[in-house]
Structures are given as structure tokens and as C-alpha cells.
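Both complexes shown next keep subunit A, but they swap its partner, so subunit B is in the first and subunit C is in the second.
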Partner chain A sequence: MSAKAEHTTPQQSPLLRVRDLSVNYEISGGGFFANRRVLTALEGINFDLGPGETIGLVGESGSGKTTLGRAILRQVNAASGTISFDGQDITRTKGRSLRRLRKGMQVILQDPYASLNPRMRVADIVAEPLQVHGIVRSREDAMQSVLELLDRVGLPADSAQRYPHAFSGGQRQRIGIARALALKPKLIVADEPVSALDVSVRAQVVNLMRKLQRDIQLSYVFIAHDLSIIRHISHRVAILYAGQMVEYADKKALFKKPYHPYTEALLSAVPVPNPSAQKRRRRIVCDGELPDLLHPPAGCRFRTRCPLASERCSKEAPPFEQKAPGHWAACWNR
Partner chain B sequence: MNRRDTPPLLQIKDLKVQFATRAGIVQALRGVSLAVRPGETLGLVGESGSGKSVTSQAIMGLISPPGEIIEGQIEWRGQPLVGAQHTAHGAGIWGKEISTVFQDPMTSLNPLMTVGAQIGEVLTHHLKMTRAQARRRSAELLAAVGISAPERRLDEYPHELSGGMRQRVMIAIAIACEPALLIADEPTTALDVTIQAQILELLVRLQKELGLAIIFITHDLGVVAGLCHRTSVMYAGQIVETGESDFIFEHPAHPYTQGLLGSTLRLDVSEDELLYIDGLPPSLISPPDGCSFRPRCPLASDICRKAPTHAMTGGGTAACWHAKTPAWDGMDR
Partner chain C sequence: MTQQQARNSAQATWRANASALAQELWRDKTGLVSLIILVGIVAMALFAPLIAPFDPAAQSLSHRLTPPAWLDRGVWTHPLGTDHLGRDILSRIIWGARLTLLIGSCVVLFGGALGTAVGLWAGYNGGRTDNILMRIVDIQVSFPGILLILLIVSVMGTSVVTLIVVLSLTNWMVFARFVRGTVMSLRQSAYVEAAEIVGCHPARILFRHILPNLITPLLVLSILEFTNIVLAEAALSFLGLGIQPPATSWGLDIASGRDYIYIAWWLVTFPGICIVSLVLSLNLFSSWVRITTDPQEREKRFAHSYMSRRGKRS
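What follows is the complex of A and B.
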């Protein structure tokens, strides 16, 4: 078996399988006759996700984590590679079959203030996907399902007749989750679902997502910039940097012994609310910023910020290889 | 530490601020008192609507209609600061002795002015430098905040810089007049974690080098833990707990502080079911009488209908009748 195919879930057949996925964006060079340039947003991404599992995609702005979520949802097209969902290759699915496919995968977005239409009642927001997909004919028909969905996410039945402005951030996110659940999806792509919420509310939404997963075997692709939330929700974690996967492991293994220096830097950068622990922690300073993706550095893309960078890192890109059973990383010096 | 013996730079006493809105009068600050001493970092922690940013606006003299300071004092080196707008006294303090760094550097920098012009403006206005002097000093300031090739950066516009660089420029502007107090209002919230770590390190270094006092406003308890000598926790327009950071994080006394710490998703602890505080902060148009945390507090009892006094906690004070009682099940301490 090739290295690509190996870091998979051997136990069960995966719900989602991503192989060698690359996504490009065309950037206008400015001006009418300017050359169009190609920005490689994602390159050579591989992973599997089983039913009822969560994979955390972690990285900073520009790492490609949102692009990966959008590629899975087929909102952007792959330049190469394949995405399979439920045993079916969906990389080039179009038209009616794409529509059918979308019932199976739904999205929860970051900002519940921006992602709910302020002029629609909650009942209509939650019922809309049912109507769009022709599962119910009218709002009245949908009411029963709407009430069940609201109950499932812990909102009172009388929320149905109210408008989004009457709800707090956490409650709005629950409305977004109810809408995502309306079509009984198998997979939910959650793009930073709690980043915009207040601290005391985040835990509520995380608890709810975990309960739903237990109850109805949902799979999550959970996108985050913050490893502390990943610790509470993911089974497996993929660390992305500048469009490439640099580390992939079980949550426990990753937090116990990260292999990639970028993962270490990310871990040490997360502030911990405990002054004495904060003082004890080893600080790994990661200088500089993400490289320009139009002109990424040759060799390892992290080498410009890496404390371990050596001669070899600038010549050859490190292979994504198994450093311990089930634990993959791309680094020459580890 | 002898920090405690020196007279405070800034002292706020029982500050009340309200805003007139169509829905009614919002009591944004309901009696806030705090003091900052030279060289000290005070963390002001709270969630949306707790009043932490209104506090910083009040200090900077930025409360204007429909907002109004209705009661209380703000003193700078013992001199009153409320109502000093448009006076020589105020002009010598705001922007010069007290400066600010805001959350979003893209909206606080002028997109049509070069970086050099924006730093230079502060220097020519407050320190009466000539343009040539200002340019030289601007380059030094950029170097001081860790920007490489400062001479070249002076001629760039904000959009040519990354988020982290822009925040460094904001800090360079803020320290241009060598202020005694820097108010940092969520300065790292919009940044990536590794960049956040760089900016926090920069602030710590500048504090040591310049002897700055800092009021650090944030919703992130983790940031406070690593940075601040003292911490004040705000809830519904009041400070509910205040004390030495080392102490507060080890022994939170107020149920809200306990809940906030317990519900923070943390890297160093992995729990199955996360604690959360049920309900919402109260409306500040008609806040509950007595303790404002009462409707959400598991310890609430009859006495809580009376406004709590600040009780000593050992490392500070907490406004709670049941201070120091563990409030939540399943907390790890």
C-alpha cells in the first residue's frame, strides 16, 4: 500500500475518504491583460473519517482548513485527487445527483449573527432545507419536524415563531444546528462553530454537538484555529500549514507527543488559564508569519519559521511519513 | 513587591455610565472602582456586554452622547479626568500619557496614510517634532516593535502589511509618546495563535523596557493568566471579583469567576462533560436588584436580593454573599 492510503481507519469502512486532494484558486494579476496566477490552496491531502467520528482540522488563517471543508461540501472544485462519500466518488458529481448528495452533508458556520436570515422566523429557517429538497410541501407540513428539531437542540417550542434577533449567540448557533440536522445528514462540516461565542456559552454548544454525535452517529469535520477546543471534541486531528497536512494522529497521541515543530508551536502558543502552569510551560517561539502561498518556500514550507530548520529542509520537501503507529508527520528532523 | 505602596497612576471610584437608547436607559457601568499602579498589568476580563470596553472608553474620555458619565471619578495622578475633554489638561494626557491599542488594526489604521505618516502624526502633534525628526523616530519605533526593514515599511500602506504587522504598527503608535499607561482592548483577539503569542511577548518586553502600566482587556482568561499581575472580573457592568492573578486562578471566589474558569475550553485539561453557565447576562436596562448574577447562580439565596458587599478572599475581594463557596459540581478544583 502506498503511504497515502495508509493513515486510514482500518476498523470500519469510512464515511468520508479524501485522497491526494489539491485545490487551486486563480488569482487575477491585476489589470485586463495581466497573467492569471494560480494559488495552490491545498496540496496532497489524505484522510478517512468513519461514521460517528470527528476529525479536527487545525491551522491558522491561510492554512487551507476552510478550503478543505468547502471542497468536501463540493463548494469548490478539486484540481486533482478524489473525495468519496458513503462509498461513492463525489469529486465530479454534478446537477441532480449533487443536490441529492448535499442532503447527506450539511454545514454549521462560524457566525450565527450573519448566517441566519434576520427576516425569517425560526420555523422557516429550520424548515427551509426540507422545502428546498421537496420533503415537505408547505410550512404547515414541516411544523412537526421543526418542533422535533428544536427539541433536539434544546430550544423551547415557542422559539419557532420568533425571529433570530430575539436569541443570544449560543441559541442562534443551536438554530443553525437544528437547520443542519433537518435533512438527517451523516456528515456535518462545522467551520469554527464556537469561535464567535462567549466563553461560558462555547461549552454548551460543544456539549450539544457531542450529544448529537452519540445519539445519531453523526460524523463531524470540525474546523478550528484553536487546539483547546479540538481537545474536547475530536477523535483525530489533522494539522494544516500553508495548504499541506503536516501532522495527523489520534487526539491523545497528538497532545501527548507532537512530532511536527509547527504543532509544538501551536500547542505552546495556546494560553492556559493557570498562571503557575503557564510559567512552567516550555515556550516554543515561532517567529515570522505564514509564507506567501503564491511563492511558497522551496522544500519544507514551515522551514522559514522553524527552530529545527536545517540544510536539507530548504532542498527537499519532507515526506509525510509514519513516525509512530498511526501517527504521521512531515518533518526531516523528527 | 513594592508596587502596592506607590500611589496609583489611575484611580477609578464608583464610576457609573449610562447610554440612552430607544429601548430605555442602558446602565453600562454600575459602580466600577479600580486602581492601576506604575509598571503594573491589570487584566480586565468579561464577556460581551460586561462593560470592559466602556470602562476603557471612559478612561480615554471617549464617552459622548448618547453615553454619559453620571457618577463617580476618574483620577490620573490624583487629578480629575472626567470632563477634561477640550482642555489643555486632557490634551496632555490622552494620547500622550495614556494610549490605546484596539482589537482590529485594519479599522483603526487610516488606509490612505502610509505607516510612517501615521506614526509621525503622533510625534509632530504631541512632541512637536519636525517631520525629519519624526521620520527618524518612527523608524526607531518600528524597529522597537520588531518590524524588520523599518525604513522601507515607513512608506507602505496598512493593506500591504499582515494582521500581526499592523498590530505592531498600532503598538508603535501607542508607545510613540512614551506613555505611562497603555490600554490594550482585546489586542490579539483578531490574530492567529502563533501571532498572538508574538504580540503578547512584545507587550511584556515593552512593559519591562519602558516601565509601562497596562490595562489588558480580554475575554480570554488564558491570556490574562500569562500576562497580568492583577485581574478584575466584570459582569453586568460591575467588577465582581478582583485580586492577584496567581490567587484568582487558583482560588476563584465568586461563582461567576468559578463558572467562567470551569467553562473555558482548555488545553491542559480534557473532560467529558464541560461545565457551562446556564442562562444569559441580565438586561442592563432593568438589571435585577441585589446581586446581578443571582438569576444564574447555583448558590443564590434570599440574602442575594440585597446588593453584596466586597468580601475579602485572601488574595483580593469578591462581591458575593457566598464568596469562596464552591458553586458548581464537577469542577476540577
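What follows is the complex of A and C.
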């Protein structure tokens, strides 16, 4: 493995290992004969995730965090690099073996209003994974497991016979979690699982996820743009910007001393509960937008918005290097 | 013993469901009336030989163009009058219901099935499959239908089967295009993605997750197409390519009565009323079915009827 790949806790064998992962999207130029252009949505992503751990993926819209989650779930194809899950290379898995792989990794989707089939009863939604993978023979067999799962996520037993529209957003997300848990997966990719929920419900869902992690050794890839939730649930945090990882560290180290100016800006945007402390804080504002990924700026991709940008940043892309033990960042000026 | 019990309880729940459904229908008077009309028309078609007073093809030139019974020259032996060949219009309507219903429902069934299958396959697979299938649809749409009909009729000869085949082949594209578009958007929906990640086989995704969410719009489309087909059948019959006398259908009656519209309005009016009431009750009933099969709409209706019942009591 390359040197930059070793920013992991070595004592555990990783459940998920991502190496030099790149994902491209083909953009048709409009019209039949136009050239197809390639948009690099992710480039050179590396990380490991051990059993029972949570990695938080943070970035603004368009940074590639959802794409990374989809690539791990093999919903989009990797252009290069490898993804291994449980010691097995899954980068090119497809068809039947991919479906078998689904037993080990599941998803919690962002929008609880869209992620449940409106025509299926909750019992059928939660039982479907069990039926598809041949764990139960019939609906009747599945009922016992369904009731256990509903209980586990804190839903009453009579919800099994109802349709999704009868539930609130938080309850629907619990149904989604029950469906994800049905196969007893080792890894759950949670794609902004709480950003569509009311603030009051967010904590409940996040706490439920933490409890499940303690109970059954789940690993999470937790995608969010909200750092306060990441701080609550993650063990390690990766900051993504324009398809690249710009900083990667243990949660504590990252929140204590961020190296990358983008991380700094993100952290300064998180409010603190104490009003006078909040007033004293310096808010770092990044002007402008995420660069056009079809024509990314030369050198460092963040330099167009970076308060520290220098001559060098526009010439060479900064290497992703270890700034402190276990703390990696890509910046020339830190 | 236990099997017997299970069967009994299954029967009991089935009966309970059926009676709940009947009650729901009873509360919705529009749905009820339209169902009664539909049942009436279907019964009329089924029992035509028993209820028709005359042979629909029996001509009687001395009684030609007799007006309906309640008009001046009308007679009660021909309650709806006679046509230009002296055939009893009531009998012709009763017999005509047979072919009209048969052709309409068969064409919607076969054309709809073909179009839905093509649309599902194209929409779900996308890419090259989609391109090829949709170009076939485009070619078929741009190809003049009447030419295709002439071709097929001249090869197969005129018969009811030919008519069904011909109309299915010229009407399936609407279903394919519609289904393909809807499938493409449903494919992107979060619950389909969730089903993929759960590990569902593509066939299961198509038939468990996508198709049930298509049923409602498909039902509406089918009924609209049904009306089209009744009219298309009438047009073909008029051209001599469809139903051949002495067989009869509502469309054929309208087509042949057209020439007499100024002197004998009843030739076109009564078959026309039949087509309208058939199509209208189909529409109303399908809207009842749509609401009943959609859990969300159903809940709304339940709340509505509950509130109105409470309002009455207080």
C-alpha cells in the first residue's frame, strides 16, 4: 500500500478498506453527436474502517460525499482504485454475488419520505431483505423477526400492519433503520440520515444509531454536512472538498486543531451553546462556490476560496501528508 | 384439524374484507352507480340471446326508419325504433355490446400488456436497450396506422381476431412510452435504490416496487385508450375493414347511421348514448378503484367520511 494509505489504527483489521478510489461521471454534451465529457467526482480517496467504528464524511453539496457512499455500496462504479469489504475485493463485484454482498452492508437513506415504498406495509418493507436472501420462507415466518426489529428501533408492534404514510419523519427513519438491520449487516452507510428530520427528532435517531452500534458492533459510514452531529457519533472524520479528501483525523484531534483552512472554516460555522463564547469566536467565511468539477483549478482545488492561498498553491497540488501522528491534511501552508 | 381451522379463518378474513369493501362502495354513490351501469352492460352482452326481442340482422324494409316508441309514428314493438333496413335498434344495441366490449377489453389487455412490458424493460434497463426499443416505438408511431391495418387485413382477412390484433398493434405504443417514462423516474426514487441495496433481484424490483406504483396511472390510461379503441373500431367498421355485417357493434351502428342523421336521429343517438355511458361509468368506477387501491387516498377518504358522519350526528 502507498504511504498515504497508512493513516489508520493498525491494531484492528479493517472491515472496509478504500484505496485510491476515483469515480467519474460521464456528462453528455447535449445533443446526439456532442462529445461526452468526464467529470471526476472523486479522486484518490483512501481510508480504513474497523469493526464497530464510525467514520464521518463531511463536505458541502457537490463535494462527493454521497458519491463516496454510493461507491462503497457499489451503486456507482469506481473508475480506479479498490474497495475491500471484510477482506474481499468488491470493486468489480456485480450481479448475483453483489446481491449476496448486500447481506453485509446496508444503507440508511436521507429522505425518509421517499425511501419507503408507499404501497407496501411496514411489515413487508422490513421483511423484504429477509425474504430476498432466503432467511425466511414466508411472510408468516418473517413476522417474528419483524416484530423484534420494530421493537429494537423503538416502534410499537401494531405499526407492522400500517402503511408508511401513517408515520412521522422520525418514525419513518426508524422503519428505514429496521430494514437496514434486518440482515444483521456489519456496515451501514448512512447518507445524511437525519438532515431531513426536525432538530428535536435528530438526537433520538442519532442516539438510536449509537445504541445499535454498541449492541451489535455496527460500523457506520456517516455522511453529513452538519459537524455537530458528526462530533457526536464519529470516531474519525474525513473532510471532503471538490472530490478530494483534504483532511482526515481522529475526531478529537480534528476538532481541537484542524490543519486545513477549509476544515477551519467549517468548524467556525458550528455554533457553540454559550452566547458570549459564540460572540468572541472568529467566523471564517469562505466566499464563492465549489469549483466547476469539469474544469477544476490547477494546483490546490481550494485555493480559489482559501484565505491562505499563495503562489505555490496555484502551481502544484498539495500532497495529502501526515501533519501530526494520525492526522492527515493536504495544505502547503500548514 | 388445524388446517381446517386455518382455512376457516382465511375464509372469515376474506369475507370480512369483502364486506368492508362493499360498505365502502355503498358510501360512495358515484362508484356504486357506475358499477351498476357497468354490470348492466356486461350482463346485457352476456345474455343478449335471451333479452333481445328481435334478431339484430332481421331486415324489414316496410318498417324502415320507425322512430322510437314515444314519438308520433313509433310503435312499442320497436321501443328504440328501427334503422334504414328496418332492423330493431334495441336488439342491435344489445347484441352490439358483445363485440364492442370484447374488442375494447381485448385490445386494451393485449396492447396494454405488450406496451407495459416494453416500457418496463426499456425504462428499467436504460442505455442501449432503451434506445433500440424506443426507436422501434418511434418507427411504429410514425408509420401510418391505416397502412398497417390494410396490410394485415389483406393478409389475414377480416375477422374479430384480426381486428383485435390490428388494433393492439397500432395502440400499444402509448403504453410503452408512458410506462417507460414513469419507470425511469421511479427508478431514481429512493425506495427503488433501497430495494437494490437490500439485494432484490431486478425482476422483484420491477414487479414488487415499480409496477404497483404504476397501476393507478395505467388504469386511467387504459380507460382512456378503451374509448379510443371503441371509436377506432367504429372507424374501421365504417371503412369495411372491421366488423362485417351481419355482426354488429355500437361503432358500426353509428358509422352506418351517420348518413341518416338529419332524418332519423335515433340511429346514431342510442348507440352513442351507450358508448358514452360505458366510457363514463368506466371512468368513474376506475376513479373509485384508484382511490381504493391507493393507501394514502384511502386514508383521506376514510377521514373525510368519518368527519361527515360525526357532523351529522351532532
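To be clear about the criterion, the second predicted complex is superposed on the first by the 328 of 334 C-alpha atoms of A that agree within 3 Å, B and C clash if a C-alpha of one lies under 4 Å from a C-alpha of the other, contacts with A are read in each partner's own complex, and residues count from 1 in each chain.
Criterion: a residue touches a chain if its C-beta (ideal position, glycine included) is under 8 Å from a C-beta of that chain, and two chains touch if they have at least 3 such contacts.
Predicted model, so just to flag it, every value in this text is computed and none were measured.
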item: When subunit B and subunit C are modelled together on subunit A, clash or fit; value: fit
item: Which of subunit B and subunit C A:D287 touches, first, second, both or neither; value: first
item: Partner chain in contact with A:Q75 - subunit B first, subunit C second, else both or neither; value: second
item: Which of subunit B and subunit C A:D198 touches, first, second, both or neither; value: first
item: Chain touching more of subunit A, residue-wise (subunit B, subunit C); value: B
item: Which superposed partner A:L147 touches (first subunit B, second subunit C, both, neither); value: neither
item: Touched partner set for A:Q278, first subunit B, second subunit C, both or neither; value: first
item: Touching partner for A:L208 - first (subunit B), second (subunit C), both, neither; value: neither
item: Per-pair minimum CA distance [subunit C against subunit B, superposed on A] in Å; value: 5
item: Footprint overlap on subunit A, where subunit B in one structure and subunit C in the other make contact; value: none
item: Residue ranges of subunit C touching subunit A (in the complex, touch as defined); value: 189-191, 193-201, 204, 208-209, 212-213, 295-296, 299
item: In the complex, subunit B residues that touch subunit A; value: 47-48, 162-165, 192-198, 200-201, 219-226, 245-246, 249-250, 259-261, 263-268, 270-271, 273-277, 280
item: Subunit A - residues contacting subunit B, complex; value: 60-61, 168-169, 198-204, 206-207, 225-229, 231-232, 255, 265-278, 283, 285-287, 289
item: Subunit A - residues contacting subunit C, complex; value: 73, 75, 99-103, 105-107, 109-111, 114-120, 128-129, 132-133, 163, 165-166, 176, 179, 183
